[in-house]
Each structure stands twice: as structure tokens, then as C-alpha cells.
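Per-chain numbering from 1; labels A, B and C assigned in written order.
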Amino acid sequence: MIDLGTFASDSVLAVPAAAAAVLALLPGYRVSARLNVFASLLTFAAALTLLFARPEPGLYLIVDDVNVIFIVLNTLVAFTTAMFSASYIAHELETGRLTPTFLRFYHAMYQILMFAMNLALIANNVGLMWVAVEIATLTTVLMVGIYRTPEALEAAWKYFILGSVGIALALFGTILIYLAARSVVGEGLQAMAWNVLVREAGGFDPALLNLAFVFLLLGYGTKVGLAPLHAWLPDAHAEGPTPISAVLSGLLLNVALFALLRFKMVIAANAHAVAPGPLLVSMGLASVVFAAFMLYRRRDIKRLFAYSSIEHMGIIAFAFGMGGPLANFAGLLHMTMHSLTKSAIFFSVGHIAQVKGTQKIADIRGLTESHPVLGWGLVVGVVAIVGMPPFGIFMSEFLLVTSTFARQPWLAVVLVLGLLVGLGALFLRLNGLAFGAPQGSTAPVQASHVPMFVHLGLVLIAGLYLPPPLVAWFQHVAGLLGQ
Amino acid sequence: MAVILDLLVQGVQMSLVLLLAPLLTGFVRKIKARLLRKQGPSVFQPYRDLLRLVRKESVLAENASWLFRAAPYLIFAGIWVAAALVPMFATGLIFSGSADLIAIVALLGSARFFLALAGLDVGTSFGGIGSSREMMIASLAEPAMIMIVFTVSLLARSTELSTIAQFMLSPSVGLRVSLGLALVALMIVALAENARIPVDNPATHLELTMVHEAMVLEYSGRHLAMIEIASYLQLLVYLSLLGCVFVPWGMAASGAGAAAYAVGAATYMAKLAVGGFLLAMFETAIAKMRVFRVPEFLGAALMLGLLATLLLFVSRGT
Amino acid sequence: MNGLLFDVAHLLAGTLVLLSFMLLYQDRMFALLNVFALHAFVLSLSVGWQAFIQDAPHLYVTAAIALVFKAIVIPVALRRIVLRLRIHHMIETVVGIGPTMLLGMGLVALSILVMLPVTSGTDVLAREDLAFALSVVLLGLLTMVSRRNAVSQVIGFMSLENGLVLAATGAKGMPLVVEISVAFSILIAFIVIGIFLFRIRERFDTVDVHALEMFRGDRP
């Protein structure tokens, strides 16, 4: 009798890998798109199973309290994005922006990306996680450049260079962590396993841990998009196909942040290591304020929401930097909510850009009149992302601001300032986009809006009523994250 | 009695360098000519040149100052003392307490200083060109030399050349990458300081390409003889430095018998011959650099010296 | 630890740092490729020596991978790409050679200053290995930053990866998983590089990355 947990964790990896292999060979578009969606659904189902049946922690894979919700979230967003991608790519084929040869490539890369992200989440080996993040980076680089326009190539090249440098620095940090662990645990695989690291971290050399964390923050922080390491993010979001923007914002940033969280847990377990809080707080705040101001001058709709992603990643980093049960809880909740909301926004933006034929904000007007479903979906999404009640992001931001105010009032003031500036910018742009006289093509959009509604619905429900098991899980992990 | 003997040995060294220097230069010239399939002048030609120059009248420009007349003697004195201090066939000579590497570098530096001043003294444009180029080269060669001194001294824990030579002979030196880098850097600095190709052509007659020769254009007679022998001595000093620090085998220890001294002297001459031969080959094989490229060349020496010093901190023992 | 064993390791790692410096000032494409090939060769020697000292046979595999891939295959392939792109005549304006070298020196000093105190608990060999590895990584980063040509930036990145391999082998006992993965990702990265270089040349008729800046979207 196969252990259900092991089977589920193995399928979370095996299904995308197998799907990638098959999709690389299938020529037809319809079949590929359906297979893509189906494979993502299977992966999601496997991830749900992991909620109930977990495998024993092995040397390579582990499913514990910290990553189980993330893997479910990851596969859910992957599934809905696959649904969105099916209709989006059909349109790209019709307009000729994407040739059929690239379709096999696109779908195969999509599944490889899912495989890599899932592997990064459930890996128990620090090095294996690094490899998975590197594979994910490389696949997204290839996909950002898929349109092969000059802008797309520039974006992909910049992303490649910055991402590779970040990954290299992260590897150096990983090596240093291994060195720190080796003197306590001994050589070999157990010196790289998460559960062992967290357990034994109290005896590690603090100086080595400090240095390692600096490298890891620089490395994985580049992948998260924290200022001043964010330079690749806006271009990559704007120039790649919109499903990739949704996956980048909603998933890849989260996975990189998850890696940082794991390392923060290791550092937190050592009493003498310098608390990583101040570094995270300053980078987070810098990202929030910087991105908030940059939002005003954006003229491209996808770039606008890319900067919004930078802002939110800054908020999350700030939350984890502040530490403590409340702020950690807020950070975790924000990660989940942001992932769902931002991908929903990109779903609607994708269809909008397609139907209007342009990504320039100045050329898109009056969406609520010409395309009511998309228009109001965008309005709801933006209202959710800026942190208005009753949506989930309001909860996490409120928690964060109140807990920060209790401890460091000045930081809370700066944070609120950043949030308000961002809110202003987004509402200003939304006004032009959604209301007023319609501009541009008014052709109807033949696409399923289910993914967008599912995400926004989940965010709304979370804002109104967060299920107790979820609350308990968040609290438990927040406790593990320490100060 | 022992003191007299020691003084005698030191005196032997001082006269030996004076005798050997022109021979070394003559040897290098002969090898260069042979490599170019020419007969070349005799190896004793530099002696004849010096004799000829001493017997000639020294012609001075009207506006030459006292410095112009004094400089050749000062230059000769500085370099001769430096040559006397570098251990050649024996370590632990009576003056070796003052044979500090930094002192030797300072002596050579002051000799160069006076030469540059003399070049400027009469006010000709070629002298000015020579002096300014010489100073540009010096501004990079001096730091490089100091870095080499640091590297070697940090390893041997002393700046005294005798101690350094003894350290290099001992087994504790090991195979060090810093020493390799310092060796290459010292070779580059030696080429630059001795006005050899690729930095400067000692046989050129085109004034615009000159560096060292341009500074001494105005000299004649016995002054020129002093400067010539000073430059021969300088080549000897650098080759001896290379031999003493990096190829120290064969040197007699202090207080050893006459046989050891003889062996030391023989190996020393062999080292000079090999060094001269390698120099001749290198000069023949490579072309002279344009003047604005010289800082890059010397910059490389400086970098190598810096790197050699830095790498010492990561190695064992220091 | 036998003095000679350490000295040879130190020699090889020091040579690697020296070659990283040499990469900084090369301004002709073929010379750059040759120095990089030498860099990878010295890396493979260093890894092989570590395998010998640590008695870790799996490191010989890493040394072989470094030798075959990075010292032979990649320079040959890049040479072909350079010839096809017709940029081998190009003389690159390397930004201020003097200041770059001094900055490089500063980076080496910095990495020694940082790594030595932090690793005071480990053995001498690992310490010097890590200090040199960090120097090579930082020098590779400097190479990438001071270059305008896409191929040169890629070579700077590969020398950075060489430094990482040096660090990984210095950390005694690190499992082969990471080593094979590093090699694997080198391969993938190369494929990506190849694709991009051709695309960039197709679109811009140059691989000067400054030309790309014209197309940087969204100039406010």
C-alpha cells in the first residue's frame, strides 16, 4: 500500500514534469491548452491531499507546517492561470503575435516552471531548493523574451543578468550555511536539510550565519524584487505574456520570499546571530516608498501593476522584518492575499490589453461601459489591492500597521504614507481606465472570467471571515518565525 | 683580526662590483649582437669606453649649475653603496646590518632623483622630456618596488637582505604564489629602472624615444664616465637582488672559510651570466612600448605586488 | 596539514584570482575567451587537487566537468558565436583600466577581510579557499559591470560561477547533488545565452548592450 503522503508529494512534482514532456511534443493548440489546464488541476488535487496526508520528512523532500499552505496556494494559482492562459493564448495566436512553433515551447516551459516552483517549496535540501529556484528563473527568462520584440529581448536580458547574479550570490550564502552546519552536524546531506538546520541552529557559528544571511538576502532579495534590486521586475512584467506576469507576481516572488523565510527561521533559532530584522525592514520600507512614488509616472498598464507588486513585496518584507507573532501573521496573510489579488488583476488586464490592442494607459478608457465584466473586475481588483475593506489585504495591512504602531510609531508613519501614496496613484489611474467615455476597440471578449472571479471571491471571503483552521495555521507558522 | 678580515671581504665585494659591472653590460651587448647574427663589440668594450671618456675634456654648458657638476658623483656614490650592500657571494658581511632593502631602494631612488634634476638643469627640451618621463616611470615603479619589499619582508620577517636570503635558503619557505608574483613584479621593475626594452631602448639615438639617455645628453668626459659606470652598476644591483632574494643557493654563510667564499663567487658569476643572457634574449624578442603604454606595464607590476602582499594574509603562518 | 599540500592549493587558488584580474583588462574578444579558458582550466586543476587532498573522489567528476565544459566546449562555442556575429575585430572600450584595477584590489582586500574572521573556526585550507572564492566572485561581478558587450558580460558571469565552484569544493563534504546541479545549470544557461545572443544580434545588428537601452520601455 503506497503511502498517500509520499504519493501526493511525488505527484506534485511528477505530474508537471510528465506534462512538460508531453506538451513539448503535442502540436495542436486546443489539446495542449486543455492538457495544460488538466495537468494543473491534477497537481492542485495532489497538493490538497497533502493537507491531510503528509509524507515522512526525507533527505530531499519535506512537507511540514510551513510549506503546506504555500504549496496549495501555488498549485491553485497555477491552475487558474492555466485556465486564463488557455483563452489568452488563443487570442495571441489569432493576432499572430505568437507563432504555433512557440506554443509547444510555451506550454512545456509553463509546466517546467510549475515543477520547479513546487520543488522549491517542498525541497528539504538547501541546495536542491536553490537549483529549483534557478530552473524557475531560467524558464521565466525564456518566456519573458518569447515575443522577440526589441523591448522583450531587453527585458529578458536584463532579467537574465540580474537574476543570475542574484542566484549566484544566493549560492554563496547557501555554501556558507552548509559550512556553519557542518561543524555541528557533520558532513553530507543532513547538513543541508531544513529540519536539521532549524533544530541545530543554536550551535552554529553566529558570524558565519550573519554573513550567510547577507548574501542570501542580496541573492533571493533580487528575485523577490526588493528595492534597490528590483530593476528587472517592471520590464519583465510588461514585456512577457500576461499569464507569465501573473505567475511572476503571484507565485515566483512568493517562492523567493519563502526561501528567505526559511533562512530567517534558521537564523532566528540562533541566539547570538544578528537579527535580520533591521535589514528586512529597511529594504521593505524602501521598496514601499519607492514603488509608491513610481506608480504615478507609469504609462503602461502592466508596468503599473508591476510596481504595485514591488510595493507589496516591500510590505511583506517589512512585516517579516518587524517580527513577532502579529507582524509575522500579517506577513503570511499578505503573501496569500497578494498572490490571489495580483493574479486576478493580471487576468483582467491581460484581456483588456488584448481587446484594446495596446498596453498604454492613455489609450484605454471607459472599461466599465465597453466591457462591464472586465471593467468592474478590474475595479474590484484594484480596490482589493490598495487595501480597502472588506477585502483580505485590508486585514493584513491593518494588522501590520497597528502592530508596528505599537512598537515603532515612526516606521508605521512611513509605511502608512507609502500605502496612501500608492493608493492615490492606483485610484487615479483606475479612474481613467474604468470610467469615462470608452476609447479603443469595443469588441466583446470571448474568454472565461471564472479565474478572476474565483480569486476575487476568495479574497473577499478571507476579508470577511477567515476560517479558523487557516487562522490557526498562520499563527503557528508565525510563532515558528520568531522575532 | 676578525674585524680586519671582515672589512677585507666587504672591500673585496665593493671592488668586485666595480670590476664586474662593465663586464656584465658588455656581455649583454655581445649576446644581443650574436642573437641578431652580428659580431658585436668585444665584452671588454665598456672598459675601453670608460677609459676613453675619463681621458677626455668635460665640456659644460654656460648655464650649468653646481648641481650639474656634482650630480654624476652623487649618482655614482649612491648606486655604488647600494651595490656594496646587496649580498652577492656571501651573506652576513660587515655592512649587512645596514643592508636594509628599504635603504637600498632609497639609495637607488635618490640616485634617480639627482639624475632627473641634472637633466632639467641646463634647460634643454630633451633633458626635460627625459626627466619627466623618468619621473612618470618612477611614480609607478617605486610603489611596485615597495610592495615587493613588503611581500618579501613579511615572509622573512625582516627587511635585512642577509636574513631574507637565509630565509629563502631554509626549508620553511615552501612553494608560495606570493613569491612568484613578487618575482614577476621585480623583473618588470628591474626592466623599467634599468632603461631596458620594453620601457626604453638603451641603444637608441633618436632623442624623442629616449628616457634615460635624454637626461645625460649634455654630459661629456669624466662626468659621462661616472654616469655610465653608475648605470652599469645599477644593472648589476638589480640582477644581484634578483639572485639574492629568489635564487639564493650557493651563497656562503657568514664566517665561512675561503673555499665557501670562492664557491659563492663562482655561483654569483654564473647567476649574473644567466641573468644577462635572459635579459639579452628578452630584449631581442620584444619590441619597445610606446611611452603612454609604459604606465600600463608598470601598473601591472604594481598590481602584482599588491596582490602578492594581499595573498600573504590568506596563507599559512603570516 | 602538510605544508606543501596547502601551498599548492594556495598557488592554484591565487592563480585563479590573478586570472580574474587579467579578465578585467582584456579588450579583445579572442584574448578574453582565451583567458577565460585558462581560468576554467586552473579551476579544474584546483578542484582536482582538492579532490586529492580531501580524498573525495566525486570531486574529480566536478573537475572533469569544469575542464571539458568550461575550458573547452564553451570557449570553442563562444568563439564560433563571436566569429558569426563578426565582433572579433571590435576593440572594447573598457571603462578606465586604472580605477577598475584598483577597485578590483579593493574587492580582493575586502573579501579577505570579511572571510577570514568569519571562518576562524574552520581549517586553514577552507578559509583560504573561501576568501579566494569570494574574491573571484566579486571580480567576476566587477567584470560584468564594467563591460558593454553582451558576450563579455556573459564571460564575466561564467568566471563568477567558477568562483562559486571553488567555494563549493572548499566546503568539505558538500554533497554531489549541488555539484551536478551547478554543472547542469551551466548548460542551461549556455543555451539561453546562445539563444539570446543570436536574437540580440538579429534585432540590433550589434551586441552592444547600450544599444538595448534605447528600447528600454516606459521612459517617463
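One rule holds in what follows: a residue touches a chain if its C-beta (ideal position, glycine included) is under 8 Å from a C-beta of that chain, and two chains touch if they have at least 3 such contacts.
If you're wondering where the values come from, they're calculated on a predicted model, not measured in any experiment.
Chains that touch both subunit B and subunit C are absent from this assembly.
With centres taken as mean C-alpha coordinates, the chain found closest to the middle of all protein C-alpha atoms is C. Comparing the CA-atom centres of all chains against that of subunit B, the greatest distance is found for A. The distance from the centre of subunit B to the centre of subunit C, with each centre set as the mean of the Cα atoms, comes to 39 Å.
Inter-chain spacing, taken between the CA centroids of subunit A and subunit C, is 31 Å.
Computed from the mean C-alpha positions, the centre of subunit A lies at a distance of 67 Å from the centre of subunit B.
Across the assembly, subunit B contributes no residue in contact with two or more other chains.
Residue ranges of subunit A in contact with subunit C, taken from their complex: 125, 127-128, 130-131, 134-135, 138, 141-142, 145, 148, 150-151, 153-157, 160-161, 164-165, 168-169, 171-172, 174-176, 178-179, 182-183, 186-189, 191-192, 205, 207-208, 210-211, 234-235, 238-239, 297-300, 303. Subunit C contributes residues 3-4, 6-8, 10-11, 14-15, 17-18, 21, 97-98, 101, 105, 108-109, 112, 116, 124, 127-128, 131-132 to its touches with subunit B in the complex.
Considering their complex, residues 114-115, 117-122, 126, 130, 133-134, 137, 141, 144, 150, 153, 157, 160-161, 164, 167-168, 171-175, 177-178, 181-182, 184-185, 188-189, 192, 195-196, 199-200, 203-204, 209, 212-213, 215-218, 220 of subunit C touch subunit A. Subunit B contributes residues 174-178, 180-181, 295-296, 299, 303-304, 306-307, 310-311, 313-316 to its touches with subunit C in the complex.
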